[in-house]
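Two complexes, one shared chain (chain A), two partners (chain B, chain C).
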Partner chain A sequence: MPTLTIDGKTVHAPHGTFLLAACRAAGIEIPTLCEHPAVEPYGGCRLCVVDVTRPEWNGWNKMVVACLFPVEDGIIVDTRSERVLETRRVVLDLLLARCPETPLIQALAGSYGVTKTSFVLNPEPTDCILCGLCTRICDRMGISAISSVDRGAGREIAPPFKEPPPDCVGCLACAEICPTNHIRYEASDGRRRIWGKDFEMLRCPRCGRAHITVAQADFFAGKNGVPRSYFETCDACKRKELAATATKLAGGASTPAVEQGTR
Partner chain B sequence: MRIESHQQFDAAVEAARAAKLSKGREVWVCCGTGCLANGSRAVAKAFDERIEAEGLQASLGLYHKTTGCHGFCERGPLVVIQPEGLLYTKVKVTDVPEILEKTVRNGEAIPRLQYKDPVTKQAVAKYEDIPFYKHQIRVSMRNIGRVDPEDLDDALAHGAYSGLAKALFAMTPDQVIAEIEASGLRGRGGAGFATARKWKACRKAKGERKFVLCNGDEGDPGAFKDRSIMEGDPHSVIEGMIIGAYAIGAHEGYLYVRDEYPLAVVNLGKAIEAARLRGLLGANILGSGFDFDLRISRGGGAFVCGESSALMRSIEGRTGEPRAKYVHASDKGLFDLPTNLNNVETWSDVGAIIANGGAWFAGWGTPKSKGTKAFSLVGKVKNTGLIELPMGTTLRHIIEDIGGGILKDRPFKAVQTGGPSGGCLPADQLDLPVDYEVLSENGSMMGSGGMIVMDDRTCMVDVARYFLKFLCEESCGKCVPCREGLKQMLHIFEDLCAGRGRPGDIERIERLCHAMQLGSLCELGKSAPNPVLSTLRYFRHEYEAHIQDRACPAGMCRDLTAYEIVEEPCTGCHQCTRVCPTDAISGKPKQKHVIDPAKCISCGSCFDVCPEDCIRFFPKNGSKEAANAHADH
Partner chain C sequence: MERVPCTDLAPVDAILARYPREEPSLIQVLQDVQRAYNYLPCEALERVAGELGVPLAKVFSVATFYKAFSLNPQGRTIIKVCTGTACHIRGASQLIEEVQRRLDIGPGETTGDMAFSLQTVNCVGACAMAPVVIVGEKYVGAAKATTLATYLDRGE
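Then we have the complex of A and B:
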């Protein structure tokens, strides 16, 4: 297992893991905006930059992003060097100019001493930081209904042709993962609307709660040999059923703890 | 016919040479993109028809062929009469009968069509005597302008694939890599990574399936060397790639060519087809037992796809965006398999190096940068075009001797090398020898070999703004420093050029530059500050003038500049009134003219044509005294 030094601490990290996990395991906080355990690392927000060196490099450092840098034996990592902090400050300053009204960016920038951007304010403030979490989770679901379109300053996240996306199943993974709540949806009993597309909801045959879209159930039905009926029952009822089965097998009555756990 | 052994290859080359010698005289018409734009296809057709109609093949032994770019695009369409090597420039269809009658039949020169040296004003008859060509040493461009890119036999007669035959039949893959190492060849795409080291890493990488790729996504403004090589001598690129694949142990390759290079795509496609038919590509190449095949992948024209990891994503059919390269492409490249990517010019050098030996190539150059290098020489020089020179040649030699000096003999101001990732070097750096290290040490870069020469009528703040605008449009937008940083940097520069600069702007620019260099994901963002930092380094006073005095010392920023005609020595020649696009200049013939400031849009056209130098510019919003002070800088 590679042994490395992070901010003076000796850390062991398994082969094939990234520096970010090693830092966090050592209790060292690293800011990130585009990282999430459910998706592959991306390296887009550049907030997790750290300095890496080796004794034989004679003082020469290279700046890397911790989320994508594979751990190596013998490296010495500095997560708070002046140039690391300054790079993060500029990145946050730039994001604050883009998203001046976004609480997450305001708070993160504030923690680095940036309370007001030194750049030109975005005339059309947005909450989208283009972290790519939504498109990556959508790809991960196997749907790829949305993607980034255009490039450079004009880049944005959108469905194809900016029309209601034909492939979207209304699973809300994009909205759930969005760190700034930029992706909005409307939900009322029996109806859901996201990306301009309306979805009919499916009711749980047991409790009657509208918990999943019909399109979602259709999309997942048969995947990995799981029947559609499995998706039709809501998670809460499934858990209840499981608890009841477990209780029966254990030969006792159901306990309040299990009831609580099923919400 | 398919060539199936080393012997058959030698015989095919002999036959091609003999066929070439049997043609007594030849007319070469350049059909590179530059000449085509000037109408060379019609000229070629006219020669073809005349030779056919008059039976000149039989009577005079005259043959005709079209070639790739000679590099002297400025003077196209170009026609060369062989074997004398007579060059005619700016040839029109109507000149064709005269050339055949006078020059081919009677051996008379046509002075009107000859090249006139802008320095000596003398006509130069022969191709090889023209200063633009005389100083050049061509390796990667060895056959451009000499071979018909659509004729494999013509290429064979000029030595194509002889390096491949040598590699396949007389060398082991390790010997090939050793020869490339001895040549000192470094990546011609700009970064200058040692080619042999790259090949070695990919050869060592574990995996049955490996790729060799060619980066033909040349996108720097003002650069066109790769295009000319692909169009004019596609076989040199293909030969290099087969040799590289043999050395690495790859059997598949892609040529990534931008779709804005239609002629390159067509000529490469034909060359691949021809090479396959003759057994130079595909299974069991030349009967050696080595298999390799090649496909063209057309790029959509995004500048960022010239970045290696973005290029590979694009070939895979995904969005052309870079990714972190902490794991090298030699281990995990295209489709996450071991991959070796080289630039067009690098591949083109390979065949010649194997045929002639590494020491031959290393005979040119500086201690760390060996061999020759192709450049696209453009901008305010008298001779623009494509050149190839030994590394270590001074900028002065390139600009003054080959380029023939600055247009209209105006003062030289700066030369931009390396495109949007490079920088500008001022007059006192003209004696620098051009190599990878020297250019980087002085704030510029080799890049893809673009060389843009600028005269005193160039505003360096505006130059930096131009490159920022280009990059702002071409950034993929994946990472924050590049996407948001370029947008903000461009804001600052647009303000500077419009007279809205504020104290502290230079510091703001520098802060942003450093963060972008350190924090960006790929080389596009990391090197984007170079044009800014190099102009700041050498022309800081111009930035200060824009901020403090609202003045553009070069008189190019229109919002900051006003023009007037001074009393003496305006002769009322009317030249300025003719070029003024807004009719802002009035005056009777032979009397002093006047510019109406309300109509003037500060385009400077009058300034550029005035034969008496009596038009001057001054800061629109500042005092004329301030303008004079800056003119003395």
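Then we have the complex of A and C:
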């Protein structure tokens, strides 16, 4: 197992893991915006930069993004050098120029002493930081309904042709993973609307809760070969049912206390 | 965005027949479609996505990323005026004005008869020949308003 030094601490990290995980395991906090355990590392936000050196480098070091740098035996990592902090400040300064009204960015920038951007303010403030979490989670779900569109200053996250996306099943994974709440949706009375597309909801046959879109149930059932009825019952009811079965198997009667405890 | 309708997808199918039905073929197919239609019709992107088994969102992402692709119909001859540093200094803006004056189109626009499109490009790597204009496939070095005029009249 590689042994490395992070901020003076000796840390052991398994082969094939990334520096970010090693830092966090050592209790060292690294700011990130584009990292999420559900998706592959992306290296998009550049906030997790750290300095890396080795004794034989005679004082030379290199700055790497911790989320994409595999741990190596013998490296010495500095997560709070002046160069690292200054780089993070510049990144946050740029993000603040792009997203001046976004609470998450304001707070993060503030914690690095950046309260006002030194760049030209974005004339059209947005909450989107282009972290790519939404498109990556959509790919991960096997749907790929949205993607990064255009390039440079005009780049944005959008469905094909900027029309309601044909492949979207309305699962809300993109909206839920979005760190800045940029992706909005409406949900009311058995209907759901996201990316300009309307979805009919499926009601749980047991509790009547509208918990999943019809398109979602169709998509998952078609994908896994699991019967569609499996997706019709909501998770809470499924847990209750499982608990009841387990109770029966254990030889006890299903009591209200058990039911309550498993809700 | 505005969709430009396209009904004849036979050229797309002919192009698709030449490549393996897999994601790595995507850019080559799109390049050929761009050449065949002078733009990428929405319906063609949908057909390509379906046939190569690539999500439509990915195809759209690639189609909007590269400058070589256009989602709007382009003229038969594309005039690219280089506005890199050397060309800028040697009068690229006058060349743009000349095209604008003669064809009544600005950068990014196409003439009504679909003969010409005007584009500005950042650098074509031929700074010694500045200012450079590319008319269709032809590189015109040390371009002047007068030399440009001959190309525009010939409409090649």
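Everything that follows uses one rule, which is that the second predicted complex is superposed on the first by the 249 of 263 C-alpha atoms of A that agree within 3 Å, B and C clash if a C-alpha of one lies under 4 Å from a C-alpha of the other, contacts with A are read in each partner's own complex, and residues count from 1 in each chain.
Everything that follows uses one rule, which is that contacts are C-beta pairs under 8 Å (C-beta built on N, C-alpha and C of every residue); 3 or more make two chains touch, one makes a residue touch a chain.
Bear in mind the structure is a predicted one, so any value in this text is a computation, not a measurement.
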What is the contact status of A:L94 with respect to chain B (first) and chain C (second): first, second, both, or neither?
first
First (chain B), second (chain C), both or neither touched by A:C23
neither
So, does A:P160 touch the first partner chain B, the second partner chain C, both, or neither?
second
Looking at A:G132, would you say it contacts chain B, chain C, both, or neither? Reply first, second, both or neither.
first
Between chain B and chain C, point out the one touching more chain A residues.
B
Pick one for A:R151: touches chain B only (first), chain C only (second), both, or neither.
both
Residue by residue on chain A, keep only those touching chain B in one complex and chain C in the other, then list them.
147-148, 150-151
What residues of chain A sit close enough to touch chain C in their complex?
135, 138-139, 143-151, 159-163, 165-167
Can you name the residues of chain C that touch chain A in the complex?
1, 3, 42, 45, 55-61, 64-65
With touch defined as at the start, can you tell me which chain B residues reach chain A in the complex?
302, 304, 319, 323-324, 326-327, 472-481, 483-488, 491, 508, 511-512, 514-515, 518-521
Would you tell me which residues of chain A are touching chain B in their complex?
42-46, 49, 63-65, 68-70, 83, 86-87, 90-91, 94-95, 97-98, 118-120, 129-130, 132, 147-148, 150-155
